[in-house]
Amino acid sequence: SGEEDLASGEGEDESNNESSYDLEESYTVVSDNSFVPFEFVEDGELTGFDIELIKAIADEAGFEIEGGEIQTTNFDGIIPGLQTQQFDIAIAGISITEDRKQVIDYSEPYYESGLKIGVSADNEDINSIEDLEGKTVATRMGSTSADFLEENTEDATINQFEQLDQVYLAVENGSADAVVYDAPNVDYYISTTGDGLKTVGELYQAENYGIAIAKGNEDLVAAVDDALATLKENGKYDEIYNKWFGSEE
Amino acid sequence: MDAIGRILEFDWFRVFEFLPELGKGLYYTLLISIVGLLIGFVLGAIFGLGRISKNKFLFVLASIYVEVVRGTPVLVQAIWIFFALPIIIQYNFDPIVAGIIVIAINSGAYIAEVVRGSVDSIDKGQIEAGRSLGLTKNQTMRYIIWPQAFKRMIPPLGNQFIISIKDTSLLSVILVPELMFQGRLIVSNQFIAVEIYTAVALFYLAITLTLSLILRLIERRLNY
Amino acid sequence: MDAIGRILEFDWFRVFEFLPELGKGLYYTLLISIVGLLIGFVLGAIFGLGRISKNKFLFVLASIYVEVVRGTPVLVQAIWIFFALPIIIQYNFDPIVAGIIVIAINSGAYIAEVVRGSVDSIDKGQIEAGRSLGLTKNQTMRYIIWPQAFKRMIPPLGNQFIISIKDTSLLSVILVPELMFQGRLIVSNQFIAVEIYTAVALFYLAITLTLSLILRLIERRLNY
Amino acid sequence: MITVNDLHKRFGKNEVLKGINCEVEETEVVCVIGPSGSGKSTFLRCLNLLEDVSAGKVVIDGHDLTDKKTNINTVRTEVGMVFQQFNLFPHKTVIQNVMLAPQKVRKITSEEARKRGEILLEKVGLSDKANQYPAQLSGGQQQRVAIARALAMEPKLMLFDEPTSALDPELVGEVLEVMKQLAKEGMTMVVVTHEMGFAKEVADRVLFMDEGIIMEENTPDKIFTNPDSERTKEFLNKVL
Amino acid sequence: MITVNDLHKRFGKNEVLKGINCEVEETEVVCVIGPSGSGKSTFLRCLNLLEDVSAGKVVIDGHDLTDKKTNINTVRTEVGMVFQQFNLFPHKTVIQNVMLAPQKVRKITSEEARKRGEILLEKVGLSDKANQYPAQLSGGQQQRVAIARALAMEPKLMLFDEPTSALDPELVGEVLEVMKQLAKEGMTMVVVTHEMGFAKEVADRVLFMDEGIIMEENTPDKIFTNPDSERTKEFLNKVL
């Protein structure tokens, strides 16, 4: 069509996708304020796997990130923020669940994850989910781990913190016996900052992360999905993946 | 208006589903404020009298306590006590205990000022009358000043009770399972922010209005 | 004591590294409290006069506003305004705007009581003197009552300023990038809770103590 | 000047004035005495509608105060009032206290108000205090300013409610002196007072009030030496 | 009974008493008059150490008050004081007001204290008010209770600081009556007062204070009719 000609007149081939969807010029993008290694602040800059991925997707799909900057919020504020249209897009290692689908839309999965137990390195009592009974378990408010614990433990005390640093600190200083949280997060924390901890048991509850999009933006969902597929094809996705998780495959 | 229509569309009945959780929150709200205030009253009496004492050391200590607590936000105190203090003293508090400590320390500083103010507000002529009858300083304090001061303390103490109940909402940040925390927890799983937060606000309003009503009745009885 | 040794071991110098972030927080803390209070003063004057007005409608409206705001915790108000109100009115606030609204609405209710109290505290003899000279009700209010009442408002308004500054810390929960929020953000990425939270507390203490000092100087000048 | 006809005043169920009848002629000075709570202040305050009347009729200089059509502010400008507690405006200087009402009510210019104010302060002997604040003056000086302030509206009638009872004994004289001068100049005055000396010397007539009515009304000579009523006698015995 | 020797009292830099000398014999009644701020109250308060003395000597009934070894509480039990503002204990009934000090200081039993208290209330004419609270009494009644309360400690000396100036004129008499009775019974009394009638009738001696010194000391007859000092004359002219 004539429109396409005009757009391709710019001479950039990413702009192919632009015309097939009705997109705004820019979207507000929000992320979690700390969820290593997906998003966290280093030297005053927000960085991490999710951050690089969403920037690549925005480039690919041809929209700007509003204000030139990804916003951050407490994890439990992300979904309400999408509901109230405060944000358009959220990328924050958000697991895809049926409950959440009622109120927000998701892209195709972009990362396979699951939940793990972390305990203090010298703890020999806790080896599986069953051992958490009667113990204090730290996790984060509003996360799938919190739900998981509610459903799969009987009389564990579940302390739901707002921030992940508070979760890990609780285990390190002994106020909680264990942490249950997303496996990549627990692993990354242990391999960088938290050498006093170790993981035990298996990978509980496999989950997929999706990019969350406020309801009513079907075109945006499709554009993001297309962009994600393109990145996976052209190797850009692997490049980012290897930077943050190494090339284990 | 549009907004009013929208208000009616919310699923207000879902609030009832979560009444047990909110009730549990209410229980902790009241528990923590009452226990916290009782301890706060003891702190307040000690430091309030410290602030009128002629003993320099007591005075300085009491003043530092009162100024630091009144000069920093309760939220900062709560976060400091729950997240920083345990690292320093290498001892962890249960959130509920931490909550009680926060309310006690905070209300203690305000109650100290109430105690000081009430004692100061008693007409100097009362002390003179007592002393001129040959009563000692302590006897004058005990039989003449304190009973009158205590009566004047009741309304501001009642007020502090209301303030402390409101302050407990901050404890949601340090995992105390009080009313606000329960509300936030429900919302983080159920995504019914309007219904739950409105219900939470109404709960607080009901408690505080009831208390101020009771307070007004007491005040009226005091001014027989 | 062990704890004291441990306090010295902390990496206090790292706080300096984050001074720019904390400084930014301080900027928003002050911005939001000042703008919020200015709007709050306008609300307070309107509703405060509403509370002494003989107009039934104005009186009821003002009373509901004052009672609801004073009866609910600021945190609940903040969360409600930030998370529930946008759903109802289908309009989203920027966190900073939401923060200003929270402080304005909240301080407005307290200032309304300050205005009411100050006007009420002016000796009835002043009104009678004005009226007996043939001044109208409005003239008496304008030339005699209000100037005196305003002078009496200054100390409690200064106090409200201090309270509002402390209240801004709650706005960290609704992502306003004020001092407490910056502190929490730094801690959540850097794991230096003791150092940062202590620094944040000292920042607040410095502001509030400075303000109360200024306030005391003003009060002294007012009582020439 | 004043005609009061069966004046009643109730506060809730408490009837404080139970039918007052009285006339005051131009240039007359009337003193009102009586025990505490007998309704003296209430009576005075009804005369310029600081209290509204429950029943009866009050006519001041031809204006019927109980008539809804009467503009009360106009009447009030013709009736000056001096209070026990002075009630000066503490945020205004002495001269500003005196200037305020003429400027705002009579709408005269600031210069004219100041000129007039200075003359009045001269009259009460306080020219040198014009730029001080009330708090810097003694009670007696404050009360004299209050008189000047009332006079600034050029009233036809002056009401005084125990103008000297809040004063230290040594300061009473200077205020009474100003009032005597005023009486001499022909001002119509109604004065509630405990100063029997003043009443004897200045009053044309003395009213003795008790429990909301005027018990006795007589010349000062008669009332102080040989009162008609037993109650008056009893009261004067206690007070003198 | 009282010997005061070159008594000085400073508040900060403000010297309020500038060398007071005076003697009071047993059963003597001394009235102190003088303008406001002349130091009358301060003088009285030095006599039972409600103010501590800056320089000079005060001896009461043989106890040197300025001596550090003197037990002030013991001396105070021998000196009763009645204040202008009554200062009754509002949270206690009339009889409890009177009973408190004997019980706590003299350690007598509650029954004995009550018996004594009832006698004293009888004496001041308030037997029927024993179980009322001070707020329920008139000013004159409150002041009479205050006198009874002071008497309950069986003092050898009574100090009165303007005991009637806070009272309505009609209530002054009942308080003065009680004081006259007390004088007649031989109580040693120092009375600061503006009631010249009382001074004339009851005082053995009148002290006129001005600016921190005793300007004149004389019998009431002499001081009221023909004072020595010009200042006294001036003051009395204003007040009488």
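Letters A, B, C, D and E name the chains as they come in the text, with residue numbers starting at 1 for each one.
In this text, a residue touches a chain if its C-beta (ideal position, glycine included) is under 8 Å from a C-beta of that chain, and two chains touch if they have at least 3 such contacts.
Note that this is a predicted model, so its numbers are computed, not measured.
Novice: List every chain that touches both chain D and chain E.
Specialist: Intersection of chain D and chain E contact lists gives nothing.
Novice: Counting hops between chains that touch, how far apart are chain B and chain D?
Specialist: The fewest steps needed to get from chain B to chain D is 2.
Novice: Would you mind checking which pair of chains has the most C-beta pairs in contact?
Specialist: Max contact pairs: B-C.
Novice: Computing the C-alpha centre of each chain, which chain sits at the greatest distance from chain E?
Specialist: The most distant chain relative to chain E turns out to be A.
Novice: Compute the centre of every chain as the mean of its C-alpha atoms, then state which one is farthest from the centre of chain D.
Specialist: Computed centres place A farthest from chain D.
Novice: Can you work out the whole-Å distance between the CA centroids of chain A and chain C?
Specialist: 37
Novice: Counting only Cα atoms for the centres, state how far chain A is from chain D in Å.
Specialist: 83
Novice: How big is the gap, in whole Å, between where the Cα atoms of chain B centre and where those of chain E centre?
Specialist: About 47 Å, centre to centre.
Novice: Can you list the chain A residues in contact with two or more other chains?
Specialist: 80, 83-84, 166, 169
Novice: Counting only residues that touch at least 2 other chains, which ones in chain C make the list?
Specialist: In chain C, residues 83, 87, 90, 173, 184, 187, 193 touch at least two other chains, as defined above.
Novice: Could you run through all the chain pairs that touch each other?
Specialist: Pairwise, the chains that meet the contact rule are A-B, A-C, B-C, B-E, C-D, D-E.
Novice: Please name which positions on chain C make contact with chain B in the complex.
Specialist: 2-3, 6-7, 67-68, 70-77, 79-80, 83-84, 87-90, 166-167, 169-170, 172-173, 180, 184, 187, 193-194, 197-198, 200-201, 204-205, 208-209, 212
Novice: Considering only the defined contacts, which chain D positions touch chain E in the complex?
Specialist: Listed in rising order, the residues are 35-36, 168-170, 173, 194, 235, 238-239.
Novice: Which chain B residues qualify as touching chain A in the complex?
Specialist: 83, 86-87, 90, 92-93, 95, 173, 175, 184-185, 187-189, 191, 193
Novice: In their shared complex, at which residues does chain D touch chain C?
Specialist: Within the complex, chain D touches chain C at residues 48, 50, 73-74, 76-77, 79-81, 83, 85, 87-91, 100-101, 104-105, 146, 149-150, 153.
Novice: Which residues, counting only chain C, touch chain D once they are in their complex?
Specialist: On the chain C side, the touching residues are 123, 125-126, 128-136, 139, 143-144, 147-148, 151.
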